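Presented sequentially are two complexes of chain A, the first with chain B as partner and the second with chain C.
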Partner chain A sequence: MATKASRSAARIMMAPAVILLLGWMLVPLIMTLWFSFRTYLPLRGGDQGWTGFDNYVRFVTSSAFWPAVQTTLVIVLGVLIITVALGVLLSMLLDQPMWGQGVVRILVIAPFFVMPTVSALVWKNMFMDPVNGVFAHLWRFFGAEPVSWLSDASLPSIIMIVSWQWLPFATLILLTAIQSLDSEQLEAAEMDGAPHLKRFWFIVLPHLSRAITIVILIQTIFLLAIFAEIFVTTGGAFGTRTLSYLIYQRVLESQNIGLGSAGGVYAIILANIVAIFLMRIVGKNLDN
Partner chain B sequence: MARAVTSRRKLVNTTVAWAIGLLIFFPILWTILTSFKTEAQAIASPPIFLGFDWTLENYSVVLERSNYGRFLWNSILIAGGSTILGLIVAVPAAWSMAFVPSKRTKDILLWMLSTKMLPAVGVLYPIYLLFIKLGLLDSRAGLVIVMMLINLPIIVWMLYTYFREIPVEILEAARMDGATLKEEVLYILTPMAIPGIASTMLLNFILAWNEAFWTLNLTAVNAAPLTAFIASYSSPEGLFFAKLSAASTMAIAPILILGWFSQKQLVRGLTFGAVK
Partner chain C sequence: MGQIQLKQVTKSFGETQVIPPLDLTIHDGEFTVFVGPSGCGKSTLLRLIAGLEDITTGHIEIDGTDATDLVPAKRGLAMVFQSYALYPHMSVRKNIAFPLRMAKMEQAEIDQRVNAAAEVLNLADYIDRRPGQLSGGQRQRVAIGRAIVREPSAFLFDEPLSNLDAALRVGMRMEISELHKKLETTMIYVTHDQVEAMTMADKIVVLQAGVIEQVGSPLELYRTPRNKFVAGFIGSPKMNFIEGEEAAKHNAHTIGFRPEHIDVVESGGMWQGTVGVAEHLGSDTFFHIHNTGLGETMTVRAIGDVSLKHGDTIHLSPRVEEVHKFNAEGLRIE
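Entry: the complex of A and B
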């Protein structure tokens, strides 16, 4: 049906979006690559020329690197485990018949719409404050000593804040997937006397596997890049400096552009490894 | 066939689900409640749940003191401007990919998606530098452009999945009846596309409103939106829980309400059509 004329019209219609995104991708990427091979300290002498792979070596051999990798892994894995596990349970629960289902859904989804700086500050002050926070009141009520969450249990605190933000996302997507489950299959299994756990393990979980994979991939990409949650709570102190926060500090706080850019290239490579898997799934979905 | 559900089971479901729902919602509820307390009541021990003297004082203090209006206006301009600009660029692109697909359409879509995966921190300095050179640092125009670009892949994708659901047969039938291209677009395609475009706008507005990497790093005073306004509360001064709550409530309320309308679109928009 598509004629030659409509094909060239289509190309023209696509051009602005493609050109803009191409520029948005290539220009900063090439600049980052360029800076990563140079000694560039804007406040201390500016661009001091070519250094080869020095920045790349220095970035990974600095004492801050491995702790940052570890912190990143702990946060990403922690949040993934919590949100996926709770998300599966919650989506199964929300799929059950109940009164006021719509309202409960709204309550569960709400945290996703709270801007990151708000949720981080509300948690930091009104819940995790060691003197006046809700947790401190709760701990005192049970006769326990209140905890300074963000300094003494910094990583679990960050994981908790971020999980609260992302649980709605996981739940919503898994709920959408679970609603497409053929209920007759479940009924048949129920009539055959399959116990709950078996039905969950052999029917529900396999059905959800694709959605779970997608939740994991998308969340990983966003979680690798969390920023505001650390920026306004600990500022990277108390062992909460993730890889992306470390790069941010190198670039904007210590103004070592070469070193920060080398870190940026590592971050881009890391994100791309995850993205390849996501694109495969999405691509397959486009075919049918 | 619906499964027979005993009302006892339904009651248990309802109780458990409501308990969990309220638990998850509690931080938001607590913030809203605290915003109506006095600073002293906000830190009272034991905490007061409802039996406090409701006051609007915090709101007026926040409004007076912090030039809240300007932050709000910046948020609206940046989220709204980037959404409209994004649609102007994305609608033709998604349209042509959905109705005149070529062999490369799939590759282009996937490539667009891949630009969304680029970690912001990896290109922070180049963008920062370009902004300084172009005089865009701390300007609304600069943020509108960045916000448009980071969300463009999502807009194109969402529109594409919506447009693809418009049956081509209708177009063919109209053509047989002698409709011109203009009539086709105006009377048939546009009305069918409007719901999809509206929900894309909604989701994109929400994402841009809540974005907190570029808005924090590329603004200082003039262009700072609500995300940055709230971040300024991270260094506390004296008693400030109630004021923080009032500021937070004002920053999230519009989006919470919009968000409730966009639950379904959220799944489509954020999974790139991979979960239906």
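Entry: the complex of A and C
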């Protein structure tokens, strides 16, 4: 991109993609904003005109709002902790030379290819079913009373399912990071008298900090919007109603598009608050 | 103290033996250089001494005690790596303090030692910067600093200058030599550059395919190379080897003359040929000469600037008393 001509040529050639993407984002965003200020009940009279901030006030004052925000944050935080911790361990394991390395790596990545709906259904019916699930059989084998996972331990169950889905992503990113660690650094630390755990703490973990930051940022964006896992397992019951699920209920179950749109705007704000927060805490890692 | 003794040490990676049984003694305070072409096993040998690789059979003794099964940290050796292996997320100060911190030393003692090392190596100006902000030469100094604070019984250098530019390399060479004079600690230095070996070493160990070809002082190796390999490897440019009739006159299979032992004369020399490439360095001129009738291209050094050009005929007069004679097996004959 050195000359003026090549710069303007680049702009012209990028324009279609940029305009398309911008339109793709802006149209739904503006429509959400538009509906959030209107009373729009599709089955009860349709679009009934402006209501000002009524929808916003109703959405926040509803008794379901703060629990939903809390649930969302608990799930995001829980999944992040589990995937990062296990991801670091797994990536270090996979970095070791071993027989059948290629196959093992593919197997580890496999859960990422399973659609969220499918994996949640598999977990619900094959593992967590209190009568026929694998866990129920396991519990009974040890003489314990099977747990009704999705009703008695609903939030941990969802966190477990989502963590299983996202662990491969974390592992993959951390594995590539760990492979770029200069082995001479570890050897130097070994000569300097650092035993295994200290080498992990002082050399490996700082080396991974950038990759961990990226994993946290990307996962947070996606985890704030998880839906299918809740929809097919608990249907939002037993305290598993997240913000995005609440919005869904408002729009489709209550048939109130205005109220749902206001919730959507809150979700955007929440996502941005979390993003700014994260950037402040971990974004520093990306600079150096 | 820092005497290192290798007894019948071998190293195999799987089926391939990279170091056949090898004996070597490095005396206390000696600057020993392992030199050889790439893949000759010199770095492996250094890593065996460091403990970063396990030896297959044999023993390593450091200061008279068996260190064969000791972990690297317990051997009392410090190593400077080719890539410097500085910890990128730590400041220079923390990098140097790291081995002391691992040894659980008192903070006051750590500070004192780090400052002393910084003084010796002139690191004070950038002690709070990170390795990423330093130049190659500065990183090299930090790596050496991290080695000297531990006050090891011996230093191990693994091609430490190969990532530096030519001017800096000459400077660092001097600094390391001076450091050795100052500390009087055993140093083992691995390089493929015979100039580094010749200029720095008290003792040179020439290796080829894991086998020690010759051990001796730089001038010993230069004057009396034990075989053709050492003769060709030590000295720059390379020794000229001549076989056949000319060698038979000296009762040898092969004879060798160093480029600096062949004089360029106006006329009537023993040999003549055509100048190929002439390298004019000002102080010296190197001629690569073809068509001498003696086999390969010959290299000759003339003092000062000799104005012969490509294609000119050149007359050569070797100093017969400087001849190196080798038998059919490539071994030196006196």
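By definition in this document, the second predicted complex is superposed on the first by the 259 of 288 C-alpha atoms of A that agree within 3 Å, B and C clash if a C-alpha of one lies under 4 Å from a C-alpha of the other, contacts with A are read in each partner's own complex, and residues count from 1 in each chain.
Here, a contact is a pair of C-beta atoms (placed from the backbone, for glycine too) under 8 Å apart; a residue touches a chain by one contact, two chains touch by 3 or more.
Bear in mind the structure is a predicted one, so any value in this text is a computation, not a measurement.
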Using the overlay on chain A, decide if chain B and chain C clash or can fit next to each other.
-> fit
Angle at chain A between chain B and chain C, C-alpha centres, nearest 10 degrees | 80
Which of the two partners, first being chain B and second being chain C, lies in contact with A:G78: first, second, both, or neither?
-> neither
In the superposed arrangement, which partner chain does A:G87 touch: chain B (first), chain C (second), both, or neither?
-> neither
Who wins on chain A residues touched, chain B or chain C?
-> B
Could you look at A:P206 and tell me whether it touches chain B, chain C, both or neither (first, second, both, neither)?
-> second
Regarding the shared-chain residue A:G236, is it in contact with chain B (first), chain C (second), both, or neither?
-> neither
Determine, under the contact definition given at the top, whether A:A189 touches first (chain B), second (chain C), both, or neither.
-> second
Return first, second, both or neither, reflecting whether A:L121 touches chain B, chain C, both chains, or no partner chain.
-> first
Determine, under the contact definition given at the top, whether A:K198 touches first (chain B), second (chain C), both, or neither.
-> second
Smallest Cα to Cα distance in angstrom from chain B to chain C after superposition equals 5
Common interface residues of chain A with chain B and chain C?
-> 184, 187
Complex interface listing, chain A residues touching chain B | 1-2, 6-7, 9-11, 13-14, 16-18, 20-21, 24-25, 27-29, 31-32, 35, 90, 93-94, 96-101, 103-119, 121-127, 131-132, 134, 137, 140-141, 164, 167-169, 172-173, 176-177, 180, 183-184, 187, 210-211, 214, 218, 221, 224-225, 227-228, 231-233, 244, 247-248, 251-252, 257, 260-261, 264-265, 267-268, 270-272, 274-275, 278-279, 281-283, 285-287
Which positions of chain A touch chain C when the two form their complex?
-> 182, 184-185, 187-194, 198, 202-203, 206-207, 209, 288
What residues on chain C touch chain A, complex-wise?
-> 50-52, 71-73, 77-79, 81-83, 85-89, 98-99, 102-103, 130, 132, 146, 150
Inside the complex, what are the residues of chain B that reach chain A?
-> 1-3, 5, 10, 13-14, 16-18, 20-22, 24-25, 27-28, 30-31, 34, 42-43, 45-47, 89-90, 92-93, 95-97, 99-100, 102, 106, 108-110, 112-115, 117-130, 149, 152-153, 156, 168, 172, 206, 209-210, 212-213, 216-217, 226-228, 230-231, 233-234, 236, 240-241, 244-245, 248, 251-252, 255-256, 258-260, 263, 266-267, 270-276
